[in-house]
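Order as written gives the chain letters A, B and C; numbering starts at 1 within each chain.
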Amino acid sequence: MNPIDDRERAIEAMLFASDEPLDPRQVVARLGDDGSIGEVRAFIQAIAARHAGSGIELVERGGHWHFQTPADLAHLLRRERDDPRKLSRAAAEVLAIVAYHEPVSRAEIEAIRGVQTSKGTLDVLMEAEWIAPAGRREVPGRPLIYKTTDAFLQHFGLGSRKDLPGIDDLRAAGLLDPVDLAFDEAMGELDLVKDGEEA
Amino acid sequence: MDEPALDFETAPAASDRDDALQLSLESWEGPLDLLLTLARSQKVDLKQISILALVEQYLSFIAEARELKLEVAADYLVMAAWLAYLKSALLLPKDPLEDPSPDELALRLQLRLQRLAAMREAAARLLARDRVGRDVFLRAKPEGLRDVKLRRWDASLYDLLSAYGQVKLRSEPVVHLVSRRPVITLDAALHHLQRMIGIKLDWAELADFLPPDYHGPLRRSAIASSFVAALELARQGRVDLKQAGAFEPLYLKAATMGRPAA
Amino acid sequence: MNPIDDRERAIEAMLFASDEPLDPRQVVARLGDDGSIGEVRAFIQAIAARHAGSGIELVERGGHWHFQTPADLAHLLRRERDDPRKLSRAAAEVLAIVAYHEPVSRAEIEAIRGVQTSKGTLDVLMEAEWIAPAGRREVPGRPLIYKTTDAFLQHFGLGSRKDLPGIDDLRAAGLLDPVDLAFDEAMGELDLVKDGEEA
């Protein structure tokens, strides 16, 4: 490799260490000799060409030059890492209600859940991209209504919303068993044991 | 070893001791520092230094300082006393029993001075290196490398469905309780018992009156309602009840009209 | 010019964008693929070679690499505002003693300097992040011991502690040994000489 011209080196170092982009005029002033702006411009072009295609690039912004990393490598500088979190019970309920009743407004969700729903819960579901606003209900106040997304279907392995189990399916699966019935059944089993002992 | 790069211009030469004393004692970092400076004025390698001459220099330096009524800190005086002792020991005929010998003490002092001088020189050379921000420069505003945490929400289909089940239960609890609980009502038990009483003529246990296919909660319910029904029929004088004692089996049969229960 | 390897570009961009020096391990972690540390090291060497003689150089400091301007251009880049920490003579001496003797306790520093070390001196060096506590010496009183940091190597342009000026000579001359040890050795030599004379 040919040795690099001393003034080119100096300009390169200046542009590197400067805390703001420099224009050729500022570079000439800092060089402190009688170099012309035209010469400096040529050196800057040479520096930019020398770095072309590398992991460093010299770019012009409104007549001022500065070094930066190429945009296509930005993903390396801003590394993204997954941070999985379990959906809260409240959020799961809201998501289920949206899925079974969509499109549905926040007030309607609250009516079904029987408790107030914080804005944060809907935000979490929107951040997860499982629900999305679907326009407004044409009633007084024009509340925003929500529906589930394709990402929702994908995440839960559903072909469509029709694949969601119906109420009867849920009941058959025991998901709708009241707590006190379950208690009775547990007590019945105890009785049977006692009967067996007495026999 | 190279001469240290640190300046020792405050070192008192014989000719201008008074000037040096003006600066003195404030500018030294303790007796060892002063000793090292005095040693440097001998202009020889510290290995060849004359400890005796150094002691002389130190003692006369301190003496002059006191003459000038400069305040002399205690540690300088302690060193002076020790050096005065060392000087006399070095000058006296050697006593082989003396331990440590004056020569050993002198050697230790020499070794300490060498070590301090070495570190002083090292410090000077370190500070003279190409230092970041003075001789070499970094990027003023690097983009920086960042780790961004992407929140990914996790939930299974089961979580979703069981959550919906709980919502449904909360909103419609009454319906489920009534429609789902297997019970034998008092009316049904009365009706059933009345029918069975007619068939069984002798004493029979209450449990024998229940349909054999009742199990679990249904049987519990049937026993309870049949018991109440039996009491009701006894009140009406239509059955007789007998029981050997508390928690013993309860027997009943159709009442003999006109006769009180046993 | 030959196109630069994609991974070389990526590593160059990382080193250029980072606000602190990176070691090959950190680079591998950020590349997020199965590249080996050896490969990354080779790429870093290639990048350093590519920039040699330019206005930007890639240097190693304590196993970590960073870009900086060459020292010979200091006169063009130095600004009045640039005022690297001015060290007192005491602080400079303490720093040198820690660097050449590490790990070292305060008592050991004081033994060399012949004076008490004011609390502020160590504080200044720790605040500059040039020295750091390095555990305790397992002797009565369990004194805290200090060592220099990577930031120290970086600031003073040292590849490693081996690059400390004159450290080999000092070690060879026994000047990094404690006085007691040097004394015993000196007395031993004297004894040998005496024995020789007697023989």
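The rule we apply is simple: a contact is a pair of C-beta atoms (placed from the backbone, for glycine too) under 8 Å apart; a residue touches a chain by one contact, two chains touch by 3 or more.
Given the structure is predicted, the values throughout are model-derived calculations rather than measurements.
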**Fill in**
Per CA centroids, the chain at the heart of the structure shown is B
**Prompt:** Which one of the chains is farthest from chain A, going by Cα centres?
**Reply:** C
**Distance from chain C to chain B - Cα centre to Cα centre, in angstrom** = 31
**Message:** Nearest whole angstrom, what separates the Cα centre of chain A from the Cα centre of chain C?
**Reply:** 42
**Residues of chain B engaged with two or more neighbouring chains** = 137-139, 143-145
**Residues of chain C engaged with two or more neighbouring chains** = 14, 16-17, 30, 67, 69-70, 77
**Message:** Which residues of chain C touch chain B once you look at their complex with the stated criterion?
**Reply:** 14, 16-19, 22, 30, 66-71, 74, 77-78, 82-84, 87, 89-90, 92-93, 95-97, 99-100, 112-115, 154-158, 164-167, 169-170, 173, 175-176, 179, 182-183, 186-187
**Complete:** Note: in the complex, chain C contacts chain A through residues 1, 3-4, 8-17, 30-32, 47, 50, 53-56, 67, 69-70, 73, 76-77
**Contacting residues of chain B [partner chain A, same complex]** = 137-141, 143-157, 159-171, 173, 176-177, 180-181, 215-217, 219-220
**Asked** Can you list the residues on chain B that touch chain C in the complex?
**Response** 1, 6, 29-33, 104, 107-108, 111-112, 114-116, 118-127, 129-139, 142-145
